[in-house]
Structures are given as structure tokens and as C-alpha cells.
Amino acid sequence: MFVKNIQLLKAITFALGVIMITNFYASAAFANSSAKQKLQKRLSDYQGQVIYIDFWASWCKPCRKSFPWMNSLKTRFYDQGLRILAVNLDKDQVLAKEFIKNNPALFDIIFDTQGEIASEFKLEGMPMSFVLDRNGSVVASHVGFNSKKITDYEAEIVEALNQRELAND
Amino acid sequence: MIKIIPAQINCSIILKVLMILCTLLASGCSNLGVKPWERDLLAKPEMALTSSPIEAGLDEHIYFSKEATSGGRSFAGGGCGCN
Amino acid sequence: MVKIDKTEFGFIGYFNAMASPCECLIETENYQTALAITQIAADEAWRIEKKYSRYLKNNVCAQINQSNGAAIAIDQETFKLLDFANTCYEISNGLFDLTSGVLRRVWHFNQNTELPSQKSVEELLPLIGWNLVSFDQKSVCLAPGTEIDFGGIGKEYAVDVAVQKIKEYKPDLSVVVNFGGDLRVTKKPKNKPKWNIGIDSLLISKIEHSVSIGVGAVCTSGDTEKFILSNERRYSHILNPKTGWPAEGCPKTVTIIADQCLQAGVLATLGMLMGAEAEAFLTQQNVQFHCQR
Amino acid sequence: MQLVKQKNKTVAGAIAAAALSLLGNSAKADGEFWDFSRDWKFNSGILYYGEQDRVSALEGVFSATHEKDLDDKFNFKIVIDSLTGASPSGAVVQPGVQTFTRPSGKGQYTVNAEEIPLDDTFRDTRVQVNSQWTSPIWDESIVSYGVHLSKEYDYLSTAVNGNIAWNFNQKNTTFSLGLSLAKDSFDPEGGVPIPFSSMVIDMGQFANPTEFETAFDLTRGTTSEDKETLDILMGITQIINRKTVMQFNYSYSDVSGYLNDPFKVVSRVDQDGIALEHLYESRPDKRVKQSFYWQAKHYLTGSVADISYRYMTDDWEIDSHTIDYKHYLTLDNNQYLEPQIRWYQQSAAEFYQPYLLEQSIIPENISADTRLGEFSALTIGLKYGWRTDSGNDMAIRLSYYEQSMKDSLSSHPGVLNDLQIYPDLKAFFIQYTYDF
């Protein structure tokens, strides 16, 4: 009886191969560096500030819960030098705009449809966020958004904010 | 009292299957898959492996009471006297 | 969640909070800003409701009311609210009293129920009295059986706090924050002389005519629907904490226009408690008011 | 009662001052900042199942899920179903009219000539409740555990289950291991029949009812029986590419205890095919089932293909293959059509026999329950779903299900040769689901 299972497994791996080939397509990695340019522009705007970068997409469920929290982050820590940048990774920007209509954002949003910035930051999951200190280096990051861990997320930000105050605006 | 792991379980079969699952896991899977931000289509409700649990439960009940096979997608136990 | 609609003056943001429809009339063409402003108002309303509503089980209000005599730790916001209520109690000679909420155990105002018996009201009176409440920066302590109901100032406080936050966010925009009829305007509108509430927003269900206001707050106390009719006498749901009964001959509603919502709200309640002398009392306060008899 | 002016400041002024100090520097408030107003999700469904002039069932499901956070859920489900109508008793078809005793021993029922005997005492209502808790652990895995309780007039089933799913390879691969332990207890009205005892049928041969009762009681052994089920489910879910996900499950199920169906009998026939008596069936008291399940879902522009294959084999020598294909077609404004075709085929249990020949020795186990026979079954279904304007999802599904038995015996004794021994089953079911 067990012999039959082996043939079964061979059949499955064959089917698996067929599906792979039929829809393999070279993802057009045409040079759309506008996403990276937009990022650079923003990072230079926020020169000397602590930056919280959040990678999100309309189809990612935890993002719906992280937006209100990021709004409150902005109103509470804006004047202490926190800037928030949300990088949208939707393939179809219409879905992202629809998401923003239902989940208002007080912070800046840039679009990275090809996922260039995401690969640069070597994203490990969705959503994922990074805390950059005042000289722009990543000091903390977390994958996912769990409302129980909010105090930890905020602690990371406050710590970065309290670091050596760079003489800035 | 429920016998936790009845002695007569044919361990060899389970071990064989576990071994196959692991090889499948280790070898084939590392290059398959998508980047975390490429899960937009997979996140659609209709792409869930069991898109309607209610329907799956109702079907499972019908086929459990009309056929000699059950489970596969989920536990096989029927939980009713209908078979 | 919040919803946004385009209007000729800009946008209206809707959401539900404190068991009533809330909206923000925003004089701006920028959709993003309108959305963000509505979200600020909504977050504030939900936060205050979640913290102080007497309908929820494990919030600050519930902790205080179920303490039966034990001292409860409070945060600075709660202390300041109690302090504000304390001032209102003193300057109104005890007419404005947050502990009068227990009277709703005997008074039911949904469509012509009967009057409570005098005896049942009197039994509650010993539980009422701001003197039964002692508090300081860190804690509050109630006499057993006594309860605090923030309903009297909750909505007005939420409006004022929301307006403050919106002014921080967009100081130059004219926004009307309207929580279930208690509203306040952040700044004079640019494209028209005044906001015409009642036409722009249908939320003022309590009064039959519209109010036009440049800047400031409008609050209404009393209710055209919530009252008891018994042998042709109309009993309002605004109860005097000392007698446990509404004031004799009080108007159906008292609407006050003032600088802040809290001020307008407390004055409107006091106006109702003045009964027949409501108009006399309010003219003395030289605030704009309107009594609906 | 006149309010005295407060030292030339009007009451209004004093209140304004108090309000200012309250609102002054926006008081530091601790507490949360958002409102998850829609935490609870509800799914409901109702199914009508009707077989051609046989059993019909109505089943209602209501499920409530509270999702505090991603993968941190509590689900409560209640299922109520009621069954009416007749199902085959296992007795063989006969040229003449037949009379049978009801399982409870009270009353009889008759079956017309050349008709497959159906026992219509089969009327029951069942209530089932399930609770399932799911929560994330060790930051990349999910644990889930739950309880199951199902109560019928004469049947009680209780079960607990647990499952752990490990995610790795950036959540592209998920390995899951599940365990379920169930205990069912069964006490039929009229007691549990002794296997191979002969059904006592009152054809007037008894002087009085008590004589019939003593004879009937002789065929009854214990008043109740129970069985235990251990299920192990191991699975791999693998994301192949942006449009394809696959799952491969192996399940091992060990059921032991009372596995007979107390209502089922096997007819003993002479060489002319005439039934002499009806013996209560006897199945082994242990069954080990193993199944290999593979499912793949592939996203095409505007539709989703869902194909699954299941191979089951057990130590009752039953092998079965199941192929299930669904095609989800998205129509405009949130509507969809989902045709379905399912092919099922099983071999017979080694102790399955439609009847027992008079002269053959009585085997250790025997059952004439067609569900253990060799048959194939086809299901064709079509589901139409839409979203109501208040944003809730509804769907209606119509399905037709047909089983056709395979006659594994080359010929039948005497009269049975020109009678239709194997009952065919044709059924349709309508399912309505509503999520809000």
C-alpha cells in the first residue's frame, strides 16, 4: 500500500512544476527609481529628526490598527522632533487610496509599487517599521503590529528622541 | 479513559510520512515563496485555503454521514451519531 | 470609523460617539485635512467616552462608583474634571452636582412613563451631595452608595478638548465640532460671515430654529422629547439635586451661546434649574441665550 | 431661590474661568487612543439537504469570532440540525411485502414489495457547540485549542483539540501539527442490539405482548456503548509564487470502541433469495484511517482555481479517492459565481456484504450498510455570492449529489437476481450563508 504513496508524491511534484512554469514572468524591473528619489527627498527634509518609517499595504490587516496609533504618535511627539513616513507597497495605488479614505493619516505617505525601498530595507514581514535616530541610522525595528507591544514600540521612539539633541531647528 | 497513544499505532508509517514532509520542507521550499510585500493577491479572502469555514463545515457533515471517508482538510472525527 | 462627505462649504466628517451622532463641519478644500480633523475629533470623543461613560464596566467612572468607600487613584485629567465640577457646585450653591445621577434609578423619561413616588425620591436624597465626595490630586473617595455621573459635562468637555487639538493641528481653519447638539466653532469662517447651524447641520434636534454663530460654543439643556406629562404638568429630565424633582415651570429647553462648551453647558443646566426665573437668571449673566417655552 | 452674584463676577464668568483652568494646558490623560468598534465578526449559514423520497435534514450554523489582534481570536459556534425521513436499514429487497420491528422494540413498520427496506424511525434533533481559542506564540507561530460538544436524543459527543502552526521562510512555509481526542457515548432507545442476534418480528406468533418483549430483550445486550477517537493532523502550507498557494496534509485517525450502527441489520437469505431472518450487524471495534490531502489555489485575473485531491486508506480495506474542483469567478460590484464539481470513489469494506447466504458460515464481522460498500459519487454545485449595500456578504449555493453503487457480486441467488439490490442515492442541497 505504501508503494502507491510514492507514485502519488511524484505526481504532485510534477503538477507543482507545471503550475510554476505556466505563469513564470520576468517582473519588469524597469528603472522606476522615483520611489527611491521620493525617499531620499523626505529623509533630507527630516534632516536631524528622529524618523519612524512604516511599510504598509491596504491588504495587510494589522495596518488598519497601526494607523490610528501612528496618528497619535504624531500629535504627541511631533514637536519633540519625531517625523513619521509611511511607505505603501500596494501594487495597485487605487487600493491604497481607498484604504487612506477609511483610515485617515496625519503623516506623510509615499508609494513604492515595485518594492524597491522594501528590498533595500530587507523587509522580513508585513507590516514592518524602522526607527532612525537623528543622524539617520536605524536604531530599532519591529515586524508586525501587536497592540499589546505598543509600550515597547513607543519606548524605542522616546529613547531615540531623548538621545543627544542635535542642534537643529 | 482515553488511551493517549494506543500501542498498536503503526509508527513506521507515521515516521515515513514525517520524513517525507521534512524533506519536502527543507529542499524544495526555500526557493519557493514571495517577498513579504508581494502577498497582495494571496491576502484576498477568496484565496484563503478554506474561504468559507461555514460551508466547509456543512459539507464535511454531509459527506461524513454519507461516505466512509472524512477529514483530510481538517480533523476526521465527525462528532455526531450520523454515521 | 469616520466618514467624509463633500459639501458646498468644504467637507462634513461623521462618526458616532457618546451614544449620539457627531460631526465636524470643515471649511477646507483639502480632503486629507478634513479627514484628519474628523479623526482627531473622533479619537478624542471615543477616548473620553471610553474613560468616563457610566455605561461601560471597567473604566474610570465605574472604578470610582464601585469603590463603595475606598479611595481610588486618579490621573491628572480626572482630578481637573472633578475640580471643575467642584467649582461649579460652589458657585451654583449646590445646584450643579455630579452626584445627582442616582436619581435616574427612579426617574424614567422614555415616553410618558409615570412620575416616581415622593417616597422613592426621598430615599435617594441622602446619597446625593457633592460634600459626600472628597478628592485630591492623586485620589478620590465617595461615601458608600454615592455615584458620580460625568454625563453632565462629558460631552461638553470632549468638544472643548477636540476643538483645542484641532486648533493645534490647523490653527487657521474654521471647523464646527458638534457632538450630539453641543457644538463649538474653532475660528470665524472665511467664506461666509457666520456658520448657520440648523441649516448646515441638522443635529440640533432639541431646538426648532437654527443658530447662526461666528466663533464660540452653543449648548442646549432640556429636551423637546424627553419629559413626563402628568396632569398637564410637564416634568423635565433636568433634576434639582436638592429636591430630586425638576424645577417648577422650567422652559422646554435652554440654549446658551458662550466662549467654551463647558461654560455654555453648565449655564444651560443651571438655567433649566431656575425654573420660572430662567430668563431672569440668564439675562443677569449677560450671555446670549434662548429659552424655548 | 435667587443665585447671588459672586463678588461682581457673574456665575457665567466664574464657570468660564474654571473651564479655562481645566482646558488650559491640555490635561495629560493616560488611556488608549483608538476604538476598535468592529471587533466581533459573525458568520451564519443554513442548509437544507433532501434525498429523493428518503432522508431530509435542516442544519443551521451561527459562528461568532472576536479578533482582539491579528491571529489572536476567540470563536464560538453553535450548530443545530434536525433529521427526518427514512434511511436504508440494511435488510435486502424482497419480492413480497416485509415487516420489521422498530429499533426501540415498540411498533413495527412495513415495506412494499420490491422496495429497498427503509427505516423511518430515524428522526432526531442535534445541538452542537464549539469554542476555539487562537493566539500567537514565540512571535512566529500560532497555537489554537478548542472544545466540541454535540448532543442528540441518544448520542453525546465530546472532543478537545489542539494545534500548533510554525511559520518560517518569511511566512512562505507553515508546518502545522494538530491533535484531537474525542469520546462519544451512545445509548439507543431499546438498548444496544447483540451483534448477529436475529431481529424479533411479531407476526402473531407471540401469545401476549410480554412474551414478545422477553424475546426482544434477549436480542439486547448493554444499554449504552461508547467509542474513542484519536486524530493526528500534520500539514505543510507552502506559498509557491505570488498567485499560487498549496497545502499538503497527512492525517492519522484511530477510532476504537463500539463502531456498529445499532439500527442496521443484514438479511440471511436461502438459495432462492428469500430472506429467512435479519441479523444485527457487527463491525470491528477498531479502525485506523490515514489520508493524504493535497490542495492548490491559483489566482487568475478575475477568478481563482481551487483544486484538491484526497487519498484515504484504512484497515477496513476501504480506499477512497476524492477530487474537488471549484472555480471562483469574480463578477462586477462585489458579486461572484463559484461552480463546483466533486468526484468521490471508494472501495468496499472487506466485511461489507449486501446479504448473507444461508449456508455460508457466519463471518466475524459483517455489515450491509451501503456507506461501507463500493460506490462512486458525483457532486455538481453552483454558488452565487453578493455583498449587500450595508457591506455584508451573502451567498446561495445549489448542489446535486448522486451516489451509484457498484455490484461487486457476479450473480445473486434466485429472486434477488432480477431485483435492484443496491439502493441508489440522489440528493440536492441548498445552502445560504450570511456574514455580517
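Order as written gives the chain letters A, B, C and D; numbering starts at 1 within each chain.
Throughout what follows, contacts are C-beta pairs under 8 Å (C-beta built on N, C-alpha and C of every residue); 3 or more make two chains touch, one makes a residue touch a chain.
Predicted, not measured: the structure shown is a model, and the values here were computed from it.
J.: When the contacting C-beta pairs are counted for A-B and for B-D, which pair yields the higher total?
T.: B-D
J.: Compare the CA centroid of chain D with every other chain's and tell me the farthest one.
T.: If we average the C-alpha coordinates per chain, C ends up farthest from chain D.
J.: Rounded to a whole Å, what is the gap between the Cα centroids of chain B and chain C?
T.: Roughly 56 Å, centre to centre.
J.: Centre to centre, by mean C-alpha position, how many angstrom separate chain A and chain B?
T.: The answer is 32 Å.
J.: Taking each chain's centre as the mean position of its Cα atoms, how many Å separate chain B from chain D?
T.: Comparing mean C-alpha positions, chain D is 15 Å from chain B.
J.: With chain centres defined as C-alpha means, what is the inter-centre distance between chain A and chain C in Å?
T.: Roughly 42 Å, centre to centre.
J.: Hunt down the residues of chain A that sit against at least two other chains at once, touch-wise.
T.: Where chain A meets two or more other chains at a single residue, that happens at 68, 71-72, 124-125.
J.: Touching two or more other chains, which residues of chain B qualify?
T.: 13, 28, 35-36, 38-40, 44
J.: Scan chain D for residues touching two or more other chains and write them down.
T.: Counting only residues that touch two or more other chains, chain D contributes 33-34, 170-171, 240-241, 243, 248, 292.
J.: Along chain A, where are the residues that touch chain C in the complex?
T.: Touching chain C: residues 68, 71-72, 75, 100-106 of chain A.
J.: Which residues of chain A touch chain D in their complex?
T.: Those in contact with chain D are residues 1, 4-5, 8, 12, 15-16, 19-20, 23-24, 61-62, 65, 68-69, 71-72, 124-125, 144-148.
J.: Touching chain A in the complex: which residues of chain B?
T.: Per the stated touch rule, the residues are 13, 16, 20, 28, 35-40, 43-44.
J.: Along chain D, where are the residues that touch chain A in the complex?
T.: Those in contact with chain A are residues 33-34, 36, 68-70, 136, 170-171, 240-241, 243-244, 246, 248, 292, 294, 296, 298, 311, 313.
J.: Enumerate the contact residues on chain A facing chain B in the complex.
T.: Interface residues on the chain A side: 2, 9, 13, 55, 57, 59-60, 89-92, 95, 115, 118-119, 123-126, 128.
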